[in-house]
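Pasting a structure here, questions to come.
Lettered A, B, C, D and E in written order, each chain numbered from 1.
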C-alpha cells in the first residue's frame, strides 16, 4: 500500500501506522494441536495520528479494532508492519526505551473488569502508574492525585479502598479511565472507554478528555461503537471492516459524505434516541453471512454483503485512496475510501 | 400495554380488583444490601417494577444505581455473602420466587428466565469452548445428546451472527472479540426460549449493525414467544428503538417510570432530564457536553431526603429531608398519565415547567 | 500363637519362616545366615557344627591331619547322591571347592579356603586347578595346606566347602545359582523367586537321615521390617519361626515363654568397641582401659536392652566350649569409676578431652551408643563426639588412616574356631593395609603385637586340642586384657519364636537358624 | 504441538544425561568402596575386591565410567548389580512393576479422596466439615506413615485378618499399602483443592452457570472443578512421580517389593548400578509426567499457551 | 507478629473514616493493604486459633528451659521406657530421658527445621517458579528441567553428600529438606502463574510500562499464590515429619538431639508396646501443623478480597 498522501496541514504525525498485520493461528485438536489457518484479525492497516487530534475508529465487532489498539501498545507482537512514534519504530523496542514510550502512550481497556487486578484496591490500581513512573508525581502528592482522578471520572473518592468486584460495570470502566489518564500521556488509546457508562457520566468523561486535550495537546485514538459519541469527539474517523481500513476521513467527510457502502450501512443503522422516529427510518439491512476473518473473501472483503458488488470486487482488492471519481474534485467526498464503486449516498446521519 | 405498577406504598388497585392476569414478573419493594468493611452498602432500596409477557421494560440509570444488582436478585445469583436480599418480593407468574426452595428456583433458570450478563468475558467460563457452554443448556435441560447439542449451539451462533460458527464452535471465549462474546452470551440466554430475558447491557460491545440485528432478533423472539424482556442499557437510542416502557433508577430506587414515547418528550424527574440532555448532539459538536454536575452518592451514606438532591438544580429544603415517593404523574389539568410516575417532590415543575 | 495354618498344602504341613533376600543361596557365594540357611539345607558337606562348637560329622566318615598338620585326609561316606542322581564323591568335593575358589566366581566366602595349597593361583586366575586337592580314592579327599592348621576340619563346616554336581558349571552359572541342585536334606521346589519366596521340599533320596518336614516355605522379607513382619506373622499364624524387633522382646517373652515357644541362645558372636590403637586418643592401653572401666554394661543391658542382652567379658563366645573363659577382660567385669579415673590419669586423659565415637546409623545402635557415650562422659569427664554415618561411609571412615577414638563393632563366627575371631580382628595380618594406609582387613583398630601374632601361628601348629586351647586363651588374654586392643561389650544373645504346638524338635542351631532337617510335625 | 512434545522428549535425554552425570559425580565422591566389604562389615578378600573392581570398571576414572555407562545404556544395558551380580534390568523389572501397580492404586485413592475432601472443605468453608477435613489432613501429616501402616497392619491383618500381612502383589494385599501411601498426598491434594476452589467459587462464570439453571453438581464438578484443578493436577503429577519413584517406608512395612526400598538399600550398600538404574528411570518418569501435566494444562485451560 | 499486636489501635480508628482525615476532602484514610488483610485475618476465628497455636509454639520454644521438668539429655538407665506418670508426664524413652522435656525442647528444633527449610525452599522455589512461569520459553525449560532432576534425584544421596561435607547437625538437615522441596513449590507456582499471566490486568500493567519484577510481585504473585500458600503451610509439618525419615535413614540430626522427627523415628520399633513414645511428638507435630494450616488458610483468605 502506498504511503497515505500527506494531509494538507503541515503537522508532523505523532504516530504513523504502516501496514500493520496481526494473524492469530487457528489450531485444531486437543493434545496435538496443529495449525489449520489463521485468524487475520488485522490485515494491513495504515493510518496517521497527529498531535492534539482524536482519531475515532469504528467498525463491525470483531473487525480488529482492539487488536490494532493492542498492537499500538506493543502488547501483541505484530505479524508484520511498523508503528512509528515520533519517527521511531516502537514495534522493535524493549526494556527502558519501551518503558519510556509507554509512559507517553496509554490505553484504556475494553473489558473493564478483567483488566483490573482483583487483589488491588482502587487506590492502588490508580496509584500504580505513579509508582511505575515516579517522576510524574512526587510521593507526597500521589494520594491527592489519585483522589483527584477518582473525582474527575465521577467516582466517589470514598471508594478508594474498595476492590474492583465491589463496583458496577460502569464504575469499573471509570477506574480504567482514571488509570489511563494518570500519567498525562501524549497519546491515549481508548478501547470503548465509555460503552458501559450512562450518558451523563459519559458526558463528564468526554468533556474531561476534551479538556485535557486542549490543555496538554493530547492525541486520542478512540474506539467505540457509539457513532454519535465518536462523531462528537473525533477530528477524523476511520472505518474498519474485517481487518482492513475501509474508509478514513474527517468526521464531516465520513458522517455526511460516506462513500464506502459499509460506512453507509453502518450509519444507517444508528439508533436514534427518539422513539418517534422508530418506524419509517430507512435502514440498509446487510444481507449475507458475516465472513470469517480466518477465511476472508477475495478482493474486496465487503463484497459478500455489498449490494453494489460486481465481478471486479471479487478479483481486485480496492486500495485505500481517494476514489477515482472524486479525484481532484473539491468535495468532501474526496477522501480515502477503499471501494471500487465509491459514491455518495444520503443516509440518515447519526445524531 | 398495561399500566405501570404503583409504588410499594400505595396499594395496587389493579391486583385488588382482579383486573386481568398477573404480570409475568413483578418486583415489589426490593431491597438488597452488601456488607462491606466500612458498613452496609444499600445497593437497592425498594425497587418495584413489572414486565408483562411480550413487553420490553428498559431500565435506565446512573451507573452503580443498582440495575445489575436488581437483575441478579431476580435471577437468584447475588454474591451472598456479602450481598443479601433485605426485603421485598419478586413475583414470577404471580408466585414469589424468593420463597421457593433453591431446587425449584433452579428449574426456572434457563427454561423460564435467563440473563445476559454485562461483562461477557468474565461471565464465560474460560476453560470450556463456547460450543460446550451453549450446548450445555440443551444437554442439561432437555437431555439432548452431545452431538445434537453442538448442532444447536452452531445454530444459535449463526443466529446471533457469529461468522463461521461451525469452525469456531470449538473456540474458547478469549479467542473471540468483545462483541462476539457478548453475542454468545445472548445466544445462551435465548437458547431455551425462556419467558423472560433480563439483558444487562447486551449490546454495549456491539457495532450498530450487529446491534440492530441482535435487537431485531430479540424483538422477533419476543413476538414469537410472547416473551418478556428487561433491557438494562445506557444506550438511549436502543431504548427508543425497542422499549415499551422505561424505568429510571438512581441510587437504588426507581425515580421515574414512563411509556417510552412520553419519557423522551417530557421527563418528569430532573435526573431523567439531565440524562436526556447529556446525549451528544450534532449541534453541540465542539462544545462541552451537558453533564449532571456532582458525584453519584456513596451507597454507605445515601443523602437524606431525595438521593439526588445534592446534584439537583431544583433542590429545595424539602428535598433534603423527605424521601419523595414514586407517585403517579398527571397532566396539568389533573388527568393521570397512564403508566407514568415520578419520585420527585417537584415533578410538576419538571414535567410542565 | 501360630496354631492354625492356611498353607497345609500338598503332602502335609509346610514349615514357614521369613528371611531377608540373601546375596546367594548357591554355596559358591552364600554368606549371611539367610543364604547359608538355604545352602546348608540344599547341600551337605563334610561336617556340621553342634551348639557347643564341636563338629558333627556329616559326609565325613573320618578326617585326619598328618603330624605336621599341613595335610588332611577325609574319608567320605559312600553311595550318596545329588538329587539329580550324580554321585557325591571326592571329585564332587574337589569340583565344588575349585568352583568356589576360581577367579571368575569372585566368591566372597572362598577366602575360607585360603590355607589350602594352590588357592592363590586359582583365585587370581593363574591356574584353573586347585593344586592342594587330590582324590586319593573315589571317596578319599586329600587336602594339602600351605601352613599347618590343626583346626582345618572345623572350617569345612562352612557351606562354601560343599560338594557340587557336574551340572553346577562355573560359579557364575546364573541358572544354577538360582536353583541349585544339591545333596542336602531338601531340594528346591522351583527357582528362587527373588524378593518373594524360596520353596524347599524334602529330598527323598537324601543319603543321611531324611528330613521329616515335607516342605519348607521361606518368605523373603524387607530387611528393615523383617523382624517386625516375622513377629506379626508368627502372631497371626503365618510363620512357624520368627525373630522379633528388640523393643518387642519383653512383651513377646511374657506371651510365649510360658507356652514353650520362646527360644534363647547365646550364640557365637560379640559386640565390642573398636579402638584405633595407632591414633592419639586411644593410643595408650591405659586410656583404653579407662574407657572400658567407665562403662556400666550391666546397667545398659538392663535399661536399654530390658535385660535381654548380657555383658560380655571376653572376646571369644561361650559357644566355643573349649576356649571360652569368662571375665578374661578384667575391665569388663564391672563398672569401676575409680579405676577408670586412675587409668585415665595414667594415660594423661583429662576431663574435657575429646573422644570420637563413631557408629553406623539406621541399624538400631543409636540407643546404647548414646548410653555408653554418656557414661564415659560422666565418669571420665571426656567430651564424647558421636559421629553416626551410613553404613558404607562409616566403613570407609573406619578404614581410613587417622580416624581417632572408638567405634561400634560386632563380629560373629563363620565356624567354631578361636582363630576365626582372633586372627582377623587382632593379628597384624588382619590389618591388610593398602598403599594409602587404609586398613582393608578386619583389624581396623590396627592392633599389632608380634607376641600375639606368634601365639596364633603356634596355636595352629599345635596338634593337641587342650594345649592349643590354652594358647588361644593366653593370646586372648594378652590382647583383650593386658593390651585392651578392643573392648567387649555384649554377648550375642538371640531369641526366636518357634511353633512348638505344631512341630517337635524345633531348635536354633549354631548359625542361629532353625534346624529344619530335624524338625518333625506333630 | 507435536513439535513441542518431540522437543520435550529431546530435553528428557539431556536431563537424563545431566542427572546421571551428577549422580555419577556424587557416587564417585562418596567415601567407601562399593565392593570393599561384604553385606556385613566383614572385609572382603583383596583378590575378590580386585576382581570385582576390574569387572565393573571401578578402577577407571569418572569420565570413563560414565562413558561406559552411557554406551551401555544406549544398548539398553544397565549393568550388573554389585551384590547379587544379577542384571540390573532383571532385578529392577519386577520391582518397577510392583511399584507402578501400587502407585497407580495410591494415586487413584489419593485423587478421589483428596479432591472430595477439598471440595467439601471449600464449599462449606469454616463449617464443621471444613474443620474436620483440616483436622484429618493434619493428622495424616503429623502421624508418620509407619505409624499409620503399623496400625493398619495390626488391626486389619493381624487382628481382623482382612488383608494379608505379607504382600504378595495381589489386589487384596495392595489395599493397605495403597491407602497408607495415599493418605498424605490426599491430605495435600485436599488442601490445594480447597485453596483454589475458594477462588473459583466466586468467579463470574460460576454465576453464569448458576443462572443457566445447571444443577449444583454440574456447576461444581464441571465449571468450578475444571478451573480449580490446575495446581491440583500439578501436585498430582509430582506426587504420582514420587509414588512411582517408590515409597521406602511403606514398601518396607508391607513388604512390598518395590524400588523405593531397593534404592535405599542400594544407596546404603553403594550398589551403584541399581542406584543409577533407579534414578535414570525416575528422571524419565518425572520428565514424562511433567510433560503430560504441562500438556494437560493446555487442555484444562486453553488460555495457557505452550511454547 | 509484633506488628499485629501493635497496630490494634489505629485499626479501630479507621472505623470512622471521615474522622480520620479531618481535612476538606471527606476521603477516608487510605487503608493500607496490610491493615485490610490484618483486619480480615483477625476476623477469622480459625486463623486466630492457628495464630495462637503458632505463638504457643514459639513461646514454648523460647521458654523451653522454664517449662521443661528435666534435662532433656539426662539419661536414667534405671528408669527407661516408663509409661507416663506424675514424675514423667510423657513417660521416658529407651535411655530413661524425660519425654516431656524432650518434646518441649523439640519445639526449638521443630521451629528451626520446619520454618527454615520451608523458608529456603520457598525462596528458591518461588523465585525460580515465578521466573519460569512468567517468562516461559527457554527460561521455563531450563528451570523446569532442573526441577525434574531434583524431583527424581534421591534425597538420601543428596543428604549423605551434604552430611559428608558439613557433618551432622541441624543445618544439613535444613539444607537437604529445602533442596529437595523447592522444586514442588516452583512447579506449583509456575502452574498457577501460567494462567494468571494471560489475564488482562497483567497486560494492563505492561501497558503502563511496569517492570517485569513489578508485574510478577504485584500482579501475578498475589493472584497465583493461593494454591502455593496452602502447600507451604502444610509443608512446615511435612518438613518436620520428613526429618523423621532422614533420622530413620540415619542422616538426620544426631540421635541425642531432642527433635520430634528424631523421637518418632526412634520409637518405630516400639509400635504397639510403647505407643506413648511416638504419640506425644506426633501430637506436637499435629498441633504445629494445625497452627500453620489455620494461619495459612486465614492468610490466604485474608489476601483474597472477594471472600467474605
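Rule of thumb we're sticking to: a residue touches a chain if its C-beta (ideal position, glycine included) is under 8 Å from a C-beta of that chain, and two chains touch if they have at least 3 such contacts.
No experiment lies behind these values; they were computed from the predicted model shown.
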Ask   = Can you list every chain in contact with both chain C and chain D?
value = E
Pair exhibiting more inter-chain C-beta contacts, D-E or C-E = D-E
Inquiry  = On a C-alpha centroid basis, what's the spacing between chain A and chain C, in Å?
reply    = 90
Ask   = If you average the CA atoms of chain B and of chain E, how far apart do the two points sit, in angstrom?
value = 50
Query = Which chain C residues touch at least two other chains?
reply = 228, 360, 362, 390, 393
Ask   = At which residue positions does chain B touch at least two other chains?
value = 37-38, 119, 121-122, 174-175
Remark   = Multi-chain touching residues of chain A, meaning two or more other chains, are 111, 113-114, 158, 161, 165
For the chain B and chain D complex, residues of the former touching the latter = 72, 75-77, 79, 106-111, 114-115, 117, 119, 122-129, 136-137, 140-141, 172, 174-175, 185, 188
Residues of chain D touching chain E in the complex = 11, 14-15, 18-19, 22-23, 26-27, 29-31, 126, 131, 134-135, 137-139, 141-144, 146-147, 150, 154, 184, 187-188, 191-192, 194-196, 198-199, 202, 230-231, 233-235, 237-238, 241-242, 245, 248-249, 263-264, 267, 275, 278-279, 282-283, 285-287, 290, 293, 297, 301, 303-305, 307
Note = Per the touch rule above, chain B residues touching chain A in the complex are 34, 36-38, 41, 60-65, 67-69, 118-119, 121-122, 161-164, 167-168, 170, 175-180, 182-183, 201, 204-212, 234-241, 243, 260-261, 264, 274-276, 278-282, 284-285, 288-292, 295-298, 300-301
Remark   = Per the touch rule, the chain B residues reaching chain E in their complex are 35, 37-38, 81-82, 121, 174
Query = Okay, in this complex, where on chain C does chain D touch?
reply = 18, 23-24, 31-32, 103, 106-108, 110-111, 114, 120, 123-124, 172, 174, 194-196, 219, 221-225, 228-229, 232-233, 235-236, 238, 360, 362, 390-393, 395-397, 399-400, 409-410, 424, 432, 440-442
